[in-house]
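The chains carry the letters A, B, C, D, E and F, assigned in the order they are written, with residues numbered from 1 in each.
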């Protein structure tokens, strides 16, 4: 426990977490600080490209682990099943109607890439390595949860029939394509490719992440203010409990897969995190009657900060305790 | 100068629905439109702004179509089918245009 | 399709006054509006453009409100109170809307 | 509130022609206009979008002028001289404005 | 004197000043070269974050100097008093009406952060250190001048009553919040935090500054063209005299505070520089009848280039002569 | 030949080419991946600034070669004459009307700076140096081709009389001004200036180029889809033959000028490449009746990928064979 607290304390005073806090405070104090939409998108493109590329290079470096395929399958299953658990938990903890509960559930099955990125940088700081292909697992976990959510919603007759267009949008959304694409580029070009561009994608990475988290803090703070009325205390409890449950599922899979401590922690983070980019967009198309204030407040305003500040050190401690290291 | 009566239809719609709307318009034979970015707004679902956003969810665009009056109904019907379940505003104004042969 | 008469009010106003205007609109019960970015323009104070600008000063936005005709006066009065001492243009057009229950 | 009849002219024109158009407007004595960015669109030359573009070619802007009705013809003539050989749409709407002394 | 000229000459051929000159010339020649608004904002966010963070780290590094509090107070007083002097000088030198004179005066009490940043990079080139908390002093000097300007204007009955909203906008404007926030983050995380992100905020800093100054040159050039008619010869003389007077006030304070040579030069630069971001925005809200062409042309078109090219070497020479070094 | 293939293979698996391929595939698969316009422009400003600056520094470093002036003249002549050849070849290979043929021809006389940049990075990878002033030659080659194209068009009575405004727009367009300006800044400040900003303009250069090529891939892919109908098989053949012819003209000039292998290859690349930024904009103004789908599809969808993937290694092999090395 004291290990968790120590880690959490150290985590708390990292530039990354403090940048998020700065954004949060600025937004809650109604400062007009803001990052232009185009700049925020450019930062996210940079982060996706860099994290994908580095993952690919690491696979090229260490050779393909037997468990790559297994991990992908595990990720897909985790992503598809988590929404069912989330849906039940929501019904238990809150009075949310089934449509909104389905939409929220979809977010928790999918992943938040920036939480993943923050976790990799914590691993790096502590000198822990991880399986490079976890980036591919992250990409694989983005979409299946959406299908589960739509299935949950359709049992009520709500939700739209999946048209081909929507399938394409979900599986070829920009962040998946960029993540997988840069992963493959990193894999193909390997350490030699990395050497060519590492002063772009490695050295400045953490600084860029700080600015991105500043923006996330601003968004989370503004979302909290406007979403205040939309979520009750039960839903907030869900927003903290669910990532812990998710992380335990992730831990179990990691154990079964035989992942390293670092890889286990990353799989826990993926299972614990909730989407706030790809899934909301899919939900607006497929479940327009679901209320975005609810799922965005929970995902961005509750679970994301929880994971960033307390979750990541907690999951790392658990991984170290159960996987060894 | 010589002008011709036409209709200006302004459809404010969620960004995620943009391609579905323009596909529907094309299917209904409306191939002329202009898309304006929207910075923010407010409605029954409260105020919003694009600043700092990465997700396509939670933003809107404005699609402006100028068409001959006799084609208005076809346009409205195809637009309505897309907008129906979604948030969005459809606003029609009388206007005059130069070079009517274009519409 | 069934449409309903409404008014489209387009207020071009300095960016620094945007939140004051929307606060005033909300206070007057106008909660539906869409904000468009403005790239540049010209008026009695000469031409301007946003390119390369960092300061919020010197830019404008366009706030578009679609409302029921009977609420026009309340809107104009609250908008005018904000715009009065500031540069800005208020332009009202007759329009028709689908789904009148929204306005 | 007291309003005054005016005309709202919306000219959708290629970005490369923007300065030529505004120069022509100024020459015709029209010094008030607002320029809106355009994100994309479609016309006889097919659909287009600005995303990822670096070149000024292939984008459009919307120039909105609000003027006194009696000055409409001067405006249209000067605008038409610029737009004539180029793609672009000119759309005129009746409107009412506050503070007529500005136009 | 020859020292000033030597320094000015060396300054003149730095990439930073030449980038500004390039922007200026391109604008005056009516080239369509331009930097998108979102990119310009992103550059300014980067510069504020980096300069604040580095200031905070330097405070963490060297411990808190006794004079931090005193310097903040001195900065606030300088910012509040300078507008009164500027107002009188303007009345003397030009026929500007009192409202516009008040608005201009407010700009000269406040500060230009990019002038400050350019000055720090000149210090760095010459291997001179300075008090890290000067960044906090810069932030403290942004707002008080606005209140003085409004007070000057209100004596005429013009100007709007300060509403709570305006107070909030002035004191929580984005650049103050970001500067103070990143200063605190740098302070809290210290050299360890800096080590994590220095290849983002230290190494590329000067290059980013070049691009930002290119943009400033474009803005200044376009402002000069459109503001030509708005300012007379007397006002232009003010735009060159006032920064020198301001710098001397800064020098006096620095001497009384016992600042280092570097710190003294920075305080001079802060007093000498005129705002072109925060104050114009506040003036548009509070004194809408004041003509922006006047204050922007003076601040961005006259005083900024003067400080960048001649002022900075001049202030450095003065600081070295009077403070020692 | 096997040397070309080897080089082409190596080139093919560079992060730069693969990033382009990723964008192309994403666009063809109709992914919604996109880079905001402001970010794309910021990337291009960075690349122009960096490449210009480095060219200037290299001139400052190695002293002015006698052939600078000659190279500039050769570049201008190449740019002016190539459209005439292109025009004839187009008439030969396709049924394109004279107006569109003139417009297309103008693109091939002018240059694509990103192809040039990609070529410099191939040279760098192979440790080959080149004349720094090739950047100035690139700038000099942007505009003359436009005048040739307008002359070709005017022989038909189409095309607009060149007004003063258009001259200014062509010769002072943003990319020319930025390239020449940063070249001069680099020249003036020299290695000392470079030392100040090299961690901004040298180290991350190739990484930024990857993101820019990702964007180019997206644009090329989307252009291919929408321009499909506009160009026939003859025109496509032109889009591949013309760069080869251009490169041979470049090789001839390079031989006559006595350029180094690296410089020869760059001049070949300049002659071989087709504009897709400056010339299209000029054509929209001066030849609005010409169809942009035709010239953009050829320049961005055919010639650019050809040069990037096959052309660059081919030209390098030819330069090495004929110039020595």
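By our rule, a residue touches a chain if its C-beta (ideal position, glycine included) is under 8 Å from a C-beta of that chain, and two chains touch if they have at least 3 such contacts.
In this text the structure is predicted, and so the values were computed from the model without any measurement.
If you take chain D and chain E together, the chains in touch with both are C, F. Any chain touching chain B that also touches chain D appears here: C.
Between chain C and chain E, the centres computed from C-alpha atoms are 34 Å apart. If each chain is reduced to the centroid of its CA atoms, chain A and chain C end up 38 Å from each other.
Listed for chain C are residues 36-37, 47, 49, 56, 93-94, each touching two or more other chains.
In chain E, the residues that touch at least two other chains are 32, 34-39, 41-42, 199, 203-204. Pairwise chain contacts in this structure: A-B, A-E, A-F, B-C, B-D, C-D, C-E, D-F, E-F.
Residues of chain B that touch chain C in their complex: 10, 12, 36-44, 47, 49, 60, 62, 73, 76-77, 80, 83, 89-94. On the chain F side of its complex with chain E, the touching residues are 36-39, 41-42, 45-46, 49, 53, 168-169, 172-174, 177-178, 181-182, 184-185, 188-189, 193, 196-197, 199-201, 203-204.
Chain C contributes residues 14, 16-17, 19-20, 45-58, 85-87 to its touches with chain E in the complex. Partner chain C is touched in their complex by these residues of chain D: 1, 3, 6, 8, 22, 26, 31-37, 61, 66, 93-99, 102.
Interface residues of chain E, counted against chain F in their complex, comprise 13-15, 18-19, 22, 25-26, 29-39, 42, 125, 199, 203-208, 210-211, 214.
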